[in-house]
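Across the two complexes that follow, chain A remains constant while its partner is chain B and subsequently chain C.
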Partner chain A sequence: MLTFVISRLLRAGLTILFVMTFAFIVLRLSGDPALLIMSVDAPPEAVAAFREAWGLNRPIWEQYFSYIGHAFTGDFGKSMRDGRPAIDLVMERVPATLAITMPALALKIGLGIPAGIYAALHRNSMADRLTMAASVAGFTMPSFVLALLLVLVFAVQLGWLPASGSGSLDHAILPIITLGTGGAAIMARFTRSAMLEVLGQPYIRAASAKGVNWHRVVSRHALPNAAIPTVTIVGFMVGSLVAGAVVVESVFAWPGIGRLLVSAVANRDLAVVQAILMVIATWMVAANFTVDLAYGWLDPRVRNATAH
Partner chain B sequence: MAIAEHAPETISRRRRFLKLPVGVSLALGWLGLMIVVAFGAELLTPYSFTALDLKARLSPPLLMGGSLAHPLGTDELGRDVLSRLIVSIRMSLLIALFGTIIAASLGTALGFLAAHFRGKVEQLVLMAIDFQASMPFMIIALSVLAFFGNNLVLFIALMGFHSWERYARIARGLTLAANEQGYAAAVRQLGAGPGRIYGLHILPNIASTLIVSMTLTFPEIILLESGLSFLGLGVQPPLTSLGNMVGYGREYITRAPWIMLAPASAIVVTTLSISLLGDWLRDRLDPTLR
Partner chain C sequence: MSAPLVALRGLTVDFENGGRMSRAVDGVDLEIAPGEALGIVGESGSGKSVTWLAALGLLPAKARVAGSVRLEKQELIGVPARVLEDVRGKRIAMIFQDPSSCLNPVHRIGWQLVEALRLHRGLHGKAAEAEALRLLDQVGIADARRRLQDYPHLLSGGLNQRVMIAMALAGQPDLLVADEPTTALDATIQAQILALLGSTRRDTGMALILISHDLGVVAENVDRVAVMYAGRLVEEAPGTDLFGAARHPYTQGLLAALPSLIGPRRRLAAIPGTVPDPWNVPAGCRFAPRCPVAEMRCTNVPPPARSVGFRHVATCHRQVEAGYSVWSLPQALPQAAE
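The block that comes next holds the complex of A and B.
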């Protein structure tokens, strides 16, 4: 088990290094940062001073290592907009993002998994068809369209909820529903197919044939095995929580990381973009790492496969 | 071997192929319409998509008591929504089409390379696949746009990087399997070069799986493009795309919801149609993916 954990940790570290290198290369490819940040007609002395200050006149590999070193201590430079450290700007937005993404995640899991299990156990029933139809809709409806439709109905027509902004519990309801329902539909689809896959296995038939009562077959034989692929999807959803919030936060003017990213991209505030990239990458990697551990815990084959 | 085993099935399968379910026929009909609209955009638009009609600003569509002059209404500058919709459909479909083709070619080529050379090349490709799969593409796309700024060519190229790793994975896996089978070895023994083996023998054998993946990528790129354009970071005005139109229409959602509803329904119906078609194709062409 220990080698398993260590190998996964190494892999996680490597992915983060990859993301940082990606950001570094893309940033350097995009042109001279000095000219990008200062105006084109800035005096040459100012440009030279800027290069000196940011170490841009040093060899590229030296820049790379100092960049990586700074990144590991959370130093991504200062925001070009208001001169504050980029990482602080990002970190203070995290709670707002979690405030809508966590309830949305609970909605996805709490609604999606039971619906998927139910649909699989009652295959081809009305409930199954409805779940499948909803999941196709969840796949194909872009979140901004769903968000705007919800605004149109609940804010404009009925006037029950605010259309955008933040500050009260009411403001969070529409963003949470937007994020949660689409994900719940996808969750239901995956859970259903995982369950159907397991229910078709010989050991389920064997257990039923032995006379084990059906409830026990489902709860003891089918569910634990169907949990393995389902955990992958949950992990993926946890990992992409922040990314998924980009559009929804922008629609509802919710002050989270996603909206910060959009405005930073529009203003080409590169330090902030890099900091967000790192925060999201770390988050994704942590989620994947947890999924890997959960695999090892759920499935003895995985944990023993790496042991020898 | 595999073909011989399935031979008796082919007739009944062909018969099933011809009998289309209602949903799939509707989807095909809609997609046909979209293709006609995309190709005939110039002929079909009643007005130029940038033409202003300041006297008829925010005029409602026919169904909401508007006039025949602007069947889908007009926007805040009096531009005809129908004309803008047609031009936007063409733009969104073009981007999705090019994006899908780039992703499929790039991914398949890398998958072939990995399967052909094995060793270090394969490790490198696998690492790139892992990296691509571990970051949400939306975030990668946003950071590239932040670093490079935006223009249409770069934007289309960027869309082409979406989900290339899916094709690379499929192409590599299936090629490794194909190399084990008799036919690839037989052609190699006959003296065919790698280009001939991969292009003429392996590619046709794995094409159905790749095509099914394309029906997944295409709507994903439409959604990604429209999401980015909606945020104002994709297609830039004066050009217009479906997401772009929804983004602008959002500001008039209380007074003129039709500006946003028309392109929004075009996005949803189109992606839905492709997904239905893709599901159906998957069942028909590739039973292994079911």
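The block that comes next holds the complex of A and C.
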């Protein structure tokens, strides 16, 4: 178990390092921040001074090693816009993003999993077909379309909720519903197929043959098995808690990480973009790690495989 | 003969498959006495497993079951699920072909055994654990205490089948239905499991139904054999009579296909043709298209069940004499050579 955890942690560190390297290289290749920030008709001396100040005139490998070296001490550089530490800018946006993505995750799980279980238990019934039709509609609709539709109905037509911005609980409702709908649809489909797969297994019939009543067959024999593949999808969703709201935050002008990313990319604020990507990657890796641990906890076959 | 423990009357099972109905079991009449060992033999698709799954209400919802199954005085067809739940495991237990996939992979062996003990005997805690240990011991599992903590994937197929038998015994059933219990196991393990089933039956006095496609498996382990073909019972007789004096051409064909350990070496005879599809069965005898002695009426009129000896019933128009195999007739040969 310990070797499993250590090897996973090492791999996680490598993944994050890879993401940081990739982000560093791509951002350097895709345009000169000095020209963008200083504007093209700035005097050449000013541009040169800017490059000097931010170290952009040094060889790229030197910049890279200096960046990685500082990153190990927790220094991810400063924003070229306002000179504050990039990581602070990013971290102060995290709570706003989580404020809409966490309730959305609860909605995905709370709506999607029960709907999927119900549909599987009543396979081919009217309820099953309706649930699955709703789920197709839910995950095929792009989030910006759904967002605009919700705004049109609840903000413009009915006037119940604000169309965009932040500051009150009401502002969060439409972003949460937009984020939650597609995820709930995916969750429902996935749970349904996981459940159907399990219900077709011989041990389900054997449990019935043993005299276990159907309610208990479902809750104690089928659900724990169906939970194993379902955890994968939940893991993906947890992984996207930080980065999954870029579009929705932009549509609703929600001051989270997504909007910071969009503006930092547009402004070529290198340190901020890099810090955001690093935070997202770290979160993703942590979520995957948790899923792996959850697998071991849920599935004794995995537990034994990793113990040796 | 005492009153039957279980009696099937006109049991019929239809499956709805893509809009068309296909009949998997067609009017089976069968009885089993308390403590009796009955073998049910037939090819895959003959309806031998479906018959007993239907009797216990274990078929999927798309199956339509008609007829009657009585456990002593209790009717089992068309009754509420609650009634069946009380019968399953407690009066009639069932074990299946692939033991390793019949045990729940996420629960320990002990958990699964204790669940059965709590359900049928109301045992909890230490008492349930002690009884679980005793049961594992009874089915010949060494190191039972450790096995209780194991998950099914850590055990071999043979051990898992022993666990399944222990779990079936947990409810002290009157009848154990063993559906191809050794098909997924090695030959040596197979013999051990069959011996275990036999000794358990003698010790507990429960009745046993041994379902198999293998005449050899059935021959040594039962008192009486019923042969099924394409959803119908074709012959039923005490074991010795069936193997010595089979009267139905299909049974004779099965016997002719067995290698003999004594006497000169001979070619094994195969029955030509294949089992009819369940949605396209012949109007008369279902075996008629493959039968070497079929006549006009065999094709058109379903044969009646006819008593041909002491507790020996054959469902055949042609009253083939005992000790005389239709597969040794000259007219059987050209067909068999096809």
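What we mean here is this: the second predicted complex is superposed on the first by the 269 of 308 C-alpha atoms of A that agree within 3 Å, B and C clash if a C-alpha of one lies under 4 Å from a C-alpha of the other, contacts with A are read in each partner's own complex, and residues count from 1 in each chain.
Here is the rule we use: a residue touches a chain if its C-beta (ideal position, glycine included) is under 8 Å from a C-beta of that chain, and two chains touch if they have at least 3 such contacts.
A quick note: this is a predicted structure, and the numbers were derived from the prediction, not measured.
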{"item": "Combined model on chain A where chain B meets chain C, clash or fit", "value": "fit"}
{"item": "Partner chain(s) touched by A:Thr191 [first = chain B, second = chain C, both, neither]", "value": "neither"}
{"item": "First, second, both or neither for A:Thr230, with chain B first and chain C second", "value": "neither"}
{"item": "Touched partner set for A:Thr178, first chain B, second chain C, both or neither", "value": "neither"}
{"item": "First (chain B), second (chain C), both or neither touched by A:Gln201", "value": "second"}
{"item": "First, second, both or neither for A:Val212, with chain B first and chain C second", "value": "second"}
{"item": "Comparison of chain B and chain C by chain A residues contacted", "value": "B"}
{"item": "Inter-chain angle, chain B to chain C through the CA centre of chain A, in degrees rounded to a multiple of 10", "value": "80"}
{"item": "Overlay on shared chain A, then closest C-alpha pair between chain B and chain C (Å)", "value": "12"}
{"item": "Chain A residues touching chain B - in the complex, by the definition given at the top", "value": "15, 18-19, 22-23, 26-27, 29-30, 136-137, 139-145, 148-149, 151-152, 156, 163, 239-240, 243-244, 246-247, 250-251, 261-262, 264-266, 268-270, 273-274, 276-277, 280-281, 284-285, 288"}
{"item": "In the complex, chain A residues that touch chain C", "value": "201-203, 205-214, 220-221, 224-225, 228, 298-301, 304"}
{"item": "Sites on chain C touched by chain A in the complex", "value": "53, 56, 58, 81-82, 85-90, 93-94, 96, 98, 101-108, 115-116, 119-120, 151, 153-154, 164, 167-168, 171"}
{"item": "Chain A partner contacts - residues on chain B that touch it in the complex", "value": "127, 130-131, 134-136, 138-139, 142-149, 219, 223, 226-227, 230-233, 243, 246-247, 250, 253-254, 257, 260, 264, 267-268, 271-272, 275-276"}
